[in-house]
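Below are two complexes that have subunit A in common, paired first with subunit B and then with subunit C.
And now, the complex of A and B:
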């Protein structure tokens, strides 16, 4: 059995618990053992925290990595942001002896030290490489007839060993295809959802990032958006509500890849608590599965 | 300075086919220089053409023969012979704004807070924009690589 230290991050348990519920069900079905990483903190957030204090950000990441190192396990992330933060920190700590010793000086004050033995994996890598498409497909008992548009999310393009930025996005796409969805190509897949520019300029983010994506998805006939990253999910769900004050009406369900998998594996939708979403995911699922 | 060394100088290189329009590059640039998350204070700008779905970026090329340097009446902009980076000396700048129109890419801009022109300074060797660009759409490359890429991309010729 493949075993990982599960790094849930902040957004999923706090704001999108239905993703955590679905992930745990999917892990069980696929035989992926995810050990809870007790005592973890924020990853921390990949851009602002590093800009504010790079060493402090690195120390926080390193501390999280030591928790996985204690368990002797590689780390599994469900969020694109957590992935980039932890993978980026791991690269720096593994390959830059000076940085590692600087960070370990800080960690030793708290009785910890990072030896650089952990690898960080994104969930799509674990699903694609450890389980495989066949391994996923054989559990699909309820193919989902949904016309869906994919959104990969910026941090999913981060690579360290190759320059092929589509490596993980293609994995995500192929995994999603196993659930039976009818994938709509809308041409703006790579465009950012606008989450990162929300703080700097809300109107720009909503009108010039989120809106073009939603408009194109809708005009191509998509009835749902599939995401993997919780931050993108928040932007799609809350952003649609905020766009109403600018005169744009959208109400597209935004479902996470893990929820999609769980549903296609036949997990009852009630168990997944899709009503926790801020977009009509529950309604979509009831319509598609013909249940109430 | 030999031709070889110039070719090996480090510059920025932007590949629109990798860009997502996240603007982390702009956020990082503005915070690094002004401690503000203000897209208007970034030294580079990424544009997204919503109609055609295409990206483009305006960023300093640290030109071989910089027009901003040539246009400055106060010799306030200097190109470092060794690194090739083109920087504004705020102590010499009188704020005439000639450089802001002389640069074909309008890279230098007039900073209303300090009343001087400001521009990309290559972050003194550690470009923050490249550091925070997940798909490495903007990255550090040699001048040679940049020439080759840009000639192919914009002129559709090989150099």
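And now, the complex of A and C:
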């Protein structure tokens, strides 16, 4: 059994626990063991914390990485933002002796030392590399006949192992296709959903990032959006509500890849608490699975 | 080996105020800066005044950084220039006068009071009206900045949540109930669920100076500005 130290991050357990619920069910079915990190903190959040103080952000990341080192396990993230922050910090600290020493000077006061012994993996890498497409497909008992558009999320393109920035997005696409969805190409996959720019300019974020994506997805006939990043999920769900005040009406369900997998593996939809979504995911599932 | 004048001044302040001496550095030959905590400033000044006969008050510079007022007291000491740096939170909008020790500070303190809107304590003429008219509105002081830190409004909740709890998305009781319904613990194993982990996290945040940079109030567990 492949074993990882699970880094849940902030948004998934606190705002979108249906993704955590689905992920744990999927891990059980696929034979991935995820050990919870005790006493972890925010990765930290990549926009504000790094702009505020890069050393502080690195030290907080390093502390989280030492929790995985204590367990002797590679770290697994479910969130694109956490992945980027932790993988980037891991790379910086592994290869920059001066920064490592600076951070370790702080950590040693608390009995910790970053040793650079673990890797950080995104969930799509673990699914693709450790389980494989065949391993996923064989558990699909309820193929989902949905015309769906994929949104990978900007941070999924961050690549530290190869020079191929499409490596993880392609993995995500192939994994999603195992569930039986009919994938819609809409040509704006690389465009940001607008989540980070919401902090600076709401109207820009909604009208120049989210709106073009939603419009193109709808015009191409997508019934749903598949995401992997919780921040993007929040933007697609809350953003659709906010766009109403600008005169744009969308009602597109936004489902996370882990929820999609869980449903296709036959996990009862009620167990997943999909009612926590702010977009009509439940209605989509009821329609597709023919349940009430 | 003879102790240099600069080192002697620092030693003199250190002996008097101990840990209230925050930092001291020599910018160049005969130019020295000493930062002390506000509560220790007068003691430090007394010690320097007592030690050096050739001591002359030059002036005070005041800088409003948004959240704090920094006062730089410049002195001529036996051919060198010594600057005391004292930073006060703007929540305490007062400036304690040193004009009892250095009468020459009287006018510049009044000027600072007028232009920045700070209230003078123990000053012989604490009222406004030296360089501005006496009826100048308190909330429109020409050199006073808005009470704000470096974070833009949209970034404040994130920074505040991160520093106070180690988590940027505070959990609601509704989500806690839903988690329990699903067989999950009420909250994930976050820093805030473990006292030791929280102490360690806050220690790191203090050590790297993040809280100070963001303008975080540890007692109130929130940013000093809205």
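What we mean here is this: the second predicted complex is superposed on the first by the 292 of 292 C-alpha atoms of A that agree within 3 Å, B and C clash if a C-alpha of one lies under 4 Å from a C-alpha of the other, contacts with A are read in each partner's own complex, and residues count from 1 in each chain.
Please note the rule applied: a residue touches a chain if its C-beta (ideal position, glycine included) is under 8 Å from a C-beta of that chain, and two chains touch if they have at least 3 such contacts.
For clarity, every value in this text was computed on a predicted model and none was experimentally measured.
When the two complexes are overlaid on subunit A, subunit B and subunit C sit side by side with no clash. Judged by the touch definition given at the top, the superposed model places A:165 against subunit B, while subunit C stays out of reach.
Using the contact criterion defined above for the overlaid structures, shared-chain residue A:20 touches subunit C, although it does not reach subunit B. By the touch criterion defined above, A:8 lies against subunit C but remains apart from subunit B after alignment on the C-alpha atoms of chain A. Look at A:125: by the touch rule set out above, it reaches neither subunit B nor subunit C.
Using the contact criterion defined above for the overlaid structures, shared-chain residue A:40 touches subunit C, although it does not reach subunit B. One of subunit B and subunit C touches more residues of subunit A, and that partner is C. In the superposed model, A:199 lies in contact with both subunit B and subunit C.
Across the overlaid complexes, the C-alpha centre of subunit A sees subunit B and subunit C at an angle of 60°, to the nearest 10. By the touch criterion defined above, A:237 lies against neither subunit B nor subunit C after alignment on the C-alpha atoms of chain A. Contacts of A:223 after superposition on the shared chain: neither subunit B nor subunit C is touched.
In the overlay built on the shared chain, the residue A:48 is in contact with subunit B and with subunit C. Closest approach of subunit B to subunit C, taken over C-alpha atoms in the A-based superposition, is 6 Å. Residues common to the contacts of subunit A with subunit B and with subunit C across the two structures: 47-48, 51, 199-200. Residue ranges of subunit C in contact with subunit A, taken from their complex: 150-152, 154-155, 158-159, 162, 166-171, 175, 178-179, 181-182, 184, 187-191, 193-194, 196-197, 200-201, 203-205, 207-210, 213-214.
For subunit A in complex with subunit C, the touching residues are 8, 10-11, 13-15, 17, 20-21, 24, 36-42, 44-45, 47-49, 51-53, 55-56, 59-60, 63, 106-107, 109-110, 112, 198-200, 271, 273, 276. Taken in their complex, subunit B has these residues touching subunit A: 18-24, 26-28, 31-32, 37-39, 48, 50, 53, 128, 132, 134-136.
Against subunit B, in their complex, subunit A makes its touches with residues 47-48, 50-51, 84, 154-159, 163, 165, 187-188, 190-192, 196-197, 199-201, 204, 208-209, 212.
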